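Submitted below is the structure of interest, expressed as structure tokens.
In order of appearance the chains are A, B, C, D and E, and numbering begins at 1 in each one.
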């Protein structure tokens, strides 16, 4: 296959076409057009599989990439270049992401046709799913930060819409608003990072950024207050990750996002969109390194992983457990980025996507079966479940696989990836030569979180599927699960892919290469940190035309198993990995064992621990008071003060300045003088009387509500900007 | 006398008048009128540049599309104004504050 | 193809000599000045002729209606009462000019002017003959449609400025009717422009012949339909019966000019009658061969021009007669029927015509149906 | 005096000028000739003898606006069609007719969708109550 | 000679009417001033040899937009009610006050200076030519619209469709109002 924009674009265009069709005529189609979306994503999956095949089975070099761009916006004037390109950037990571995203999305589409059946907005759900898939695939294919940002926002919108899908419920509306607003913080930072990068590179293409990083263009650049520009940009991009991937301290939106339908939680808030933040940080990894941000990242990741795991301990809502476990696992990925475990972080992204999607779908399957005839709602509370193993054997099977995977039990995918992150963290923070004392905490938190993960996941399993049914009526009403195409097949397929063999084996024949010791993994031979120094110049191509460079020849190239490490270092890494593997197996089984004792054997009383740590319990129940912090303190106090100040500025400075400065200029036009007192007095009365409510107050703070005032400020700013650049 | 500068000047005056109308007038319809003036000021520049600088007809296409967009904009904008009036019984711009809180 | 009447005259030798002579006297190049003078003279003639047409229109209206109703009609002033319109005009000039107290005075005075302005703009591009037309602007028909839409604003303002409920209703109705029916008119004109391949009246008329076989109305079935769509829509655009809702006496007293008296009312009426003539002459030019004289009698010389003028005026006046005839034949439409006719019948048909004409032009390489029939007969005989 | 010079606009300017002049002359003439005796009754708005209450500048039916809206969309459409249609014959003779025809059809088709939408939503019915009730 | 007269007349009409829009209190009169201003702009286009654009200006703006605006004014309670809001600072007259006008003049001056600075070099490099190509603009615009700018041509129809559907939906009378 020729790799041109035209040949790759269909990946994106199939779901987009499905979206357009469903958006406009979906309601008229049979089955409300769900098949359009499913066919679109399946075609897209096929296309992705083709690319994956070419890249992974045909070509082994980890630094091979396809990069095609065309000029989108050209506003160059003279020697002032201003060009924005769009294009594709495909390397092994992209290929794997494409396969993962389209595959998981396809299965979730199919599952949705079961789960959402009978919903009054059935067709609209698929419309959103298609749009979302478009956004995610586009983000993965993007070759520059700007188009990443565009798709990023597109996904944000879809997430917003899907969280608020049941907009009749007030909580759903609030949750969607909360998610949108919280991620907005990160998005704004991301935009700032784009601007900062643009100011140095003059382009936002990944390849250009890598080249400029290699040539040291960022060195000596200062953003503001002596902060190096590289650090600034890295931090801002990472802030985008924090927002999108729900890292500490912006993790508050993700649990609330579970208000959406379960398939959308599976797709968006577990498998793909939240992983997009991690993906972005991976793409920008060289910048993170150049900005000396890795320690910070590791800390954020470790804190998130541990903190979310602790909150998950006491959750009773099955989806909430999964939500916190998602945050925790994303924390692992970020920890992996921070400790320099690049390919392990990416691998965990992939494995997590698979098993977490499966977990969510299984939870969806469980929830869907448990119909409360009194409230006419589905039951999500684990205390009312129990013993469902016999009722839904397939769901149980799938969920068990995934639980083992996420807990880090050997021979499952989670072990393969998490163990390597933990091993690298161990090496980075404790056993390595460059480890400082302050780096010791993240690995410790990581292992603690691994223990907690195993514990709470098994707790969830035991509460749900084992023991005696605690709500008999509910149990009786639950139908026995039959093997059906759109319910169990996606689950079981996903469950199959939670086996570790897919990731650690030697699928491609390339696994004979030794990786840091004596293990064989195809995955790590294909994914490597971007080597910023070997990126070539690239040429632009006219959109849709054939690739002028001819067919891509995939060649097998040699792989350097040492990753450029010296013999001694490699040995240390190996040792650390061995210790890490042992430890993680240990903590995993320990967690499972304790859960077993607590919830199966009942020989340990959970209530005892709750009573003993009742303060902690309360803190966990309140999610460490983050919502209070944001709503009561930050918004109610801080932003309200800022609001008042701005209002005072609006009234006092801007009006007075204008009056005193302009009074004599146009006296003949001034026919409203005696109204002006009213203007000031009433205005200030009105504005001080304004009270602030909840979240959307944030948007009010910078608004006086008068469009014309904004317009004035805008014009003034533009005037002075033109003044500045022209004189 | 009547070179490029003249036309740019006319366009500029229209533009500034439009901006002032947008800021000064309190009726939403008047603000839309101001937008029309701004658009026309810009369109004059296109035609003037096409005559005096580029000497081709692309400069005639742009005002054409500006006119089209302005018509569409006026249509939608006025529809919003009418709807707003049905809800609030006024077209005073400072009353349009529902999105504020 | 962008000529004016002055261009036509400048081809005569004496014109050039006169220009040179005048330049010699004045000491600067008087070509433009002479041109303006020539055009002004011609325009003066045309406009006066039009005002005559407008004035005679009122007379003709009454006389024809009387004829249709088996009455006599005006017969006192002049022979057969033909000077009646002069008497009317004199009366209107002498009448008191009442401005309602609550009216917006400036706009009240502006409204008749806008009507007049829009109509006089159209006269500049009226193809009265190949040489004597004031201007053969290359966007002629487009300009004509555009400038005549000012009349709608005049009518709206007339209704608005009076600050009377009848007037306001009439003005709103009139404006919305005029703008609505502008669409079928424009689309019908477009399907002829498609056949002619130009917006210039000279080319459009030049694409037809003096004999009905070459007229665009008989070019293809679509242009035949377009003629009727155009005619109906033009009636409505000129506020003529049966579409005279803006001045429906039984509902709205006198519509948008209820409050107008004296010569301002006269100007509204004049503009309306001229507009009818203009639309009739556009129909003549677009569909009925315009100023083409059968067998091209008289050539392009002065005699030919006069003949062309005669042909053009004859066709226009015939249509004018039909317009008056329709007025006394059909009952007035209801307001809702008016809109339904425009948007649900005329506009879709006009769009269909436009598309059909385009397809026809593409399929048959621009041949008319007559040529096709003749040609196919010939070709089948030839055994192709 | 080249054919394509700006002077082709002279007749238009002259005609518009005549409109101004004639209007002024007529107004002036009637100002001189006419009597001028206003009184309150004469200057009140005509309402068939009733006393006018309030102003006429009140709210109207929104359907007027919808009609104006559809008009302006089609107005703009015809503006775009004019140049295309006027070169269609030439391009057809040059052999580009098919492509241009498709473009025209696409353009018109999209707008027809608009009017079809308005039709189906009842925006084209002037007063809905006059229409026979729709079957539901 | 005619050229200059045309330019001066249309420029004067344009600018004077634009200022009329600014200072008049009555919204309907503002619409009428807008009408004259746009008519003047059409004259300016014509003086630049852009006959088709000029006529388009008349057709769409003068015959369309202004009518639409007048309709909208009449549908929003006419000119009478809008001079004041209901309370407080909204009571100031709708034509703005000296802040707004002062601001307008100020930013106008700033913009004028900067624009003059920016365009100075361009203006200096211009060769003033005779009015050219008055004859064939329509044909050339038509050809451009179906060849080079065909995408804009088609997309504009989608824009118009969107505007039609959207505005009709917004303006459609509803039962609960």
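Things to note:
Here, a contact is a pair of C-beta atoms (placed from the backbone, for glycine too) under 8 Å apart; a residue touches a chain by one contact, two chains touch by 3 or more.
The structure displayed is predicted, hence computed values, not measured ones.
Here the chain-to-chain distance from chain B to chain C, counted in touching steps, is 2.
Minimum number of contact steps separating chain C from chain E: 1.
The chain pair with more C-beta contacts between its two chains, of B-D and C-D, is C-D. With centres taken as mean CA coordinates, the chain nearest to the overall protein centre is B. For the pair chain A and chain D, the distance between mean C-alpha positions equals 54 Å. Separating the centre of chain D from that of chain E, both taken as means of CA atoms, is a distance of 17 Å. Separating the CA-averaged centres of chain A and chain C is a span of 67 Å. Chain E has its Cα centroid 5 Å from the Cα centroid of chain B.
Counting only residues that touch two or more partner chains, chain C has 1-2, 32, 36, 137-138, 142-143, 160, 168, 172, 176, 179, 182, 199. With touch defined as above, residues shared between interfaces to two or more other chains in chain E number as follows: 2-3, 47, 49, 52, 56, 59-60, 63-65, 67-68, 71-72, 74-77, 89, 92-93, 95, 97, 100-101, 103, 105, 107, 111, 115, 134-138, 141, 145, 156, 160, 163-164, 167-168, 171.
Shared contact sites, meaning residues of chain A that touch two or more other chains, fall at 708, 712, 715.
Here the touching chains pair up as A-B, A-E, B-D, B-E, C-D, C-E, D-E.
Listing the residues of chain D that touch chain B in their complex gives 62, 65, 69, 72-73, 75-76, 79-80.
Note for the complex: chain B touches chain D at residues 64, 67-68, 71-72, 74-75, 78-79, 82, 86. Residues of chain E touching chain A in their complex: 23, 87-89, 91-93, 95, 97-103, 105-107, 110-111, 113-115, 117-118.
Here chain B touches chain A in the complex through residues 19, 22-23, 31, 93-94, 96-97, 100-101, going by the rule given at the top. Touching chain E in their complex are the following residues of chain D: 3-10, 13, 55, 57-66, 68-73, 75-77, 79-80, 82-88, 90-91, 96, 99-100, 103, 106-107, 110-111, 113-115, 117-118, 121, 123.
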